[in-house]
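Before anything else, here is the set of structures, which you'll find just below.
After this come two complexes, each holding chain A, first together with chain B and then together with chain C.
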Partner chain A sequence: MGHLILRVTIKILFAPIILFAFYVQFHGDYGPGGGFQAGVILASAFILHALGFGLATCQKVIPPNWLPAGMALGVLIYAGTGIYTMLFGDNFLDYDVIQPDSHHHAGQHIGIIAVEIGVGLAVACTMLQIFYAFAGREPEPMDDAW
Partner chain B sequence: MMLAAAASAEVGSEVTPSTPEVVGFTGAFAVELCLLALLAATAVAMIRMRRLFGVAMLSGIYSLLSAAFFVALDAVDVAFTEAAVGAGMSTVLLLSGIALTAKVEMPVSRTRTIAPLIIVGVTAAALVYATIDMPGFGDANAPANAYVGRAYIEQTPSDIEVPNVVTAVLASYRGFDTFGETVVVFTAGLACLLLLGAGAIRGGGRNDDGEH
Partner chain C sequence: MLMDDLPVLPVLLPLIAAPIAVLLPNGRAAGAWATLIAWLSFYLAMQLTSIVATAGTVEYAMGGWASPLGILYRVDLAGAIVMTLVAGMASVTFPYAMSSSAAEIVPSQSKAFFAMFLICFSGLMGVVATGDAFNVFVFLEISSLSTYTLVALGAKRDRRALTAAFNYLVLGTIGATFFVIGLGLLYQVTGTLNMIDIHEKVQAAEEDYGRVVRAGYAFIMTGLALKLAMFPLHRWLPNAYTFAPSSVTAFLASTSTKVAIYAMLRFLFTVFGFSFGFADVALAVFLILGLVGMFSGSLIAIFRRDVKMILAYSSVAQIGYMLLGISFATVDGVGAALVHVVNHAVMKATLFLAVGAVFFSLGSHRLSAYKGLGKTMPVTTAVIIVGGLSLIGVPLTNGFISKWALVGAAYDSVLAVPSLAIVLMIVASSLLAVAYVGRIVWAMLLEDPVPGVQAKPVPALMMVPMVLMALLCLYLGVNADGLVDLCRQAAEVLLDSGLGYGGVR
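Right, the complex of A and B next:
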């Protein structure tokens, strides 16, 4: 458990950080950012929570066995977008085929958003997974501890 | 430590000569100079510090300063990633790694630091020598800006129609590369899972590996 001031600060910041992550995720077409940054920001919100309130509390919200599934699902969403465009007779990840009649390249927009969601999910789950793997271990006794 | 020194040498030497067009002492140039001086000072402090907590904090500060420098170079997307990953995520991972190990770095004898110092010095000299041939910062005829880079900038408004060209290149033109990067991130998470034990999946706790 962290210090009281840290815990209050984390409680205030937790929701805005997640909101900012989604802003970065879906605003990547228009400004700096995208799935990778959004995934890291989303994971950092939960890591901040785990640092302040303990790993067990955070693992109640996001159980550790969800994360490998989320990692794989993110990659599958990305690959699935590519397979989808191939099924409609175009190249792998050639998004124009999603909306071929659109005159403002709606297919490109849909494809980019789908792919970025895959990246965001994979990155967020991977970052949280690595943190869980580190923080879930108890420290080994040092040589000078004996 | 030496890795950090090499990285700082790399960053410092690669970007310093790339702004030769700055005529006179403008405000932007002063900001860049301050950021580079702070980067160098942080790197030196990291090398000299023995307490690992302080080193981890300084590495976060180093990443934040380089993110600020990327903003000064108009590379906003790179700066964003550096701030999120370098200053945020890797600092936390370093700290949770330090929690599992010793808190203070073992003292190293002077004679053992000579060989790494020579390697870092030679690498830095080679990098500085390489930057002499580099095109000027923002040079329109530089290879990075001339061929396919120019084509992306010219064709994104008609091909993709998204305002951020970086996103268009990353997710559409070079979508297959980004797919590879996503798989790399996935593989990194998988490797951590395999190396640090599945105890984290089963709800944390100690993983004895059958030793006891």
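Right, the complex of A and C next:
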């Protein structure tokens, strides 16, 4: 099954791609990047794996029914951060309230990281879900039907 | 504590509730959850309206970032009225959807259905609450994208829902693109996205970059006109309304075009204002297209054989009335447009909920299925008659109130078309409404039922919202002073904001 060179390459690339996704995720508030890009990169690692080793293998690692929960959880982490700041008496998404005494606006950093983690989770799950939905479709016209 | 967050809570609540609805065990729980959230939002929106009516416009800085820099939420009276309207419509259509969706939606999708409903609801509330021009685009897209999905979910009963949703998607996206191109042009010359801030800077910008500002204006107005189904740009609406699930049609018909009307008012008056020379051209265009829409919509409605289609085309005609009111650009005119926004939402919700009940019982919304409905489904028939009379504008129904306000406003304004002619046209197009409502009523009351057809009883969850809305039609027709006064005040605030001091006196 499949192409040997492709499969070996995918095995070598898989871990660095995920590592890079986390780099983009956590470096997002200092440089280019952030949750959206990180989520796409993370999902692309699994999509690459599924392309090389088949959809079934990939779905054994991340079952399709996890993904809607992941998407929902991502949005909830984002919104939950906002609600948290609201419950502590500040405006929606006003992160300063997380670390009120800090002179370095540590609250802003913590807040944006929490939000970006939510975005990353939601985006990664959505990307993978879209891929599963398209890849899992039965091919409608058979090859010899032309 | 949380009361300070009132401008943002009715938007946030459904947005956060949507992912939770996906995590709930089954569709029924998701429906109950969505209903609860809608009621809560309705309560909050009413609180907001009462605060805004007494204390004036409220503002809320997202994330604590001050106004021109950050995203500002700004709710004035017109916004509060529309927010209450949207939340009110959500709180009657969501419980209705719990019953109707069981038959119309694939069971495995019903959780996602309610999540989409909540997201659409949140998007519509967001368009109204925000004071940031780009945020309007974001929320407009949130609500539109979820609407395409909701329309497509009607595919279980009729596969044509898929093409209707796709047409709507293409046209809606073109509208959104026009809107965002216009915003981009404005941002280029003013350097800001805050509505009040744009208003302050657009005049100076017009002197230097007149063409860019006018192009931006045209793009924004065209984009919004597509979203609100102004006459020649209405082609997405009839099919989308006809093939969507009944509860979705009722919700969309009573909210989404209304919110787009609100966004247009916001851009016409708050963002550009009267000092902007090009505004007269747009208002003249709205006047003409509003009049043409009134007639063409009603005329097409007369010749349709599908009741949902008749009502959808009648929506195009009714949007014409609202545009007419806006095009007067007087307090009375805009006030009448707002009154009609509320009244039309109530009567169309009544009618579409009743049509959904007939669809539930008989499995069809063709006119031929309505024969003898007066004998088989008396309550639903009564509801349709009340809604139909409102649509015509018969006294003692709310349709009369808005047409009366519109006729009064038309008399008092100086326009390109003589005002007497406009008044006569309003009356004439009401006569066309008599024709298409008459066809439905004729079939229901004067024809014999199709033999052998057994009507399934309508469940209480569908019956109660529908009767409630019919009673509201009658109530707003008898006791209308409160609403008319409120809308007049709202129009005053809205037009004041166009005069250059941003509505803050």
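For the reader, a short list of remarks on this structure follows.
Keep in mind that, in the parts below, the second predicted complex is superposed on the first by the 141 of 146 C-alpha atoms of A that agree within 3 Å, B and C clash if a C-alpha of one lies under 4 Å from a C-alpha of the other, contacts with A are read in each partner's own complex, and residues count from 1 in each chain.
Heads up, the rule we're going with is that a residue touches a chain if its C-beta (ideal position, glycine included) is under 8 Å from a C-beta of that chain, and two chains touch if they have at least 3 such contacts.
Quantities reported herein were computed from a predicted structural model and do not represent experimental measurements.
With both structures placed on the common chain, the touch criterion links A:Tyr95 to chain B and to chain C.
Set against each other, chain B and chain C differ in how many residues of chain A they touch, and the higher count belongs to B.
Of the two partner chains placed by superposition, only chain B is touched by A:Ile130; chain C is not. Contacts of A:Met86 after superposition on the shared chain: chain C is touched, whereas chain B is not. When the two complexes are overlaid on their common chain A, residue A:Val75 makes contact with chain B and with chain C alike. Across the superposed pair, chain B and chain C both touch chain A at residues 68, 71-72, 75, 79, 82, 92-93, 95.
Within the complex, the chain A residues that touch chain B are 24, 28-34, 36-37, 40-41, 43-44, 47, 51, 55-56, 59, 63-65, 67-68, 71-72, 74-75, 78-79, 82, 92-93, 95, 104-105, 108-109, 111-112, 115-116, 118-119, 122-123, 125-127, 129-140, 142. Interface residues of chain B facing chain A in the complex, by the touch rule stated above, are 76-77, 79-81, 84-85, 88-89, 92-93, 96-97, 99-102, 159-164, 166-168, 170-172, 175-176, 178-179, 181-183, 185-186, 188-190, 192-193, 196-197, 199-207.
Of all the residues in chain A, the ones that touch chain C in their complex are 68-69, 71-73, 75-76, 79-80, 82-83, 86-87, 89-96. Taken together, the chain C residues at the contact with chain A in this complex read 1-2, 5, 8, 12, 15-16, 18-20, 22-23, 60-64, 112.
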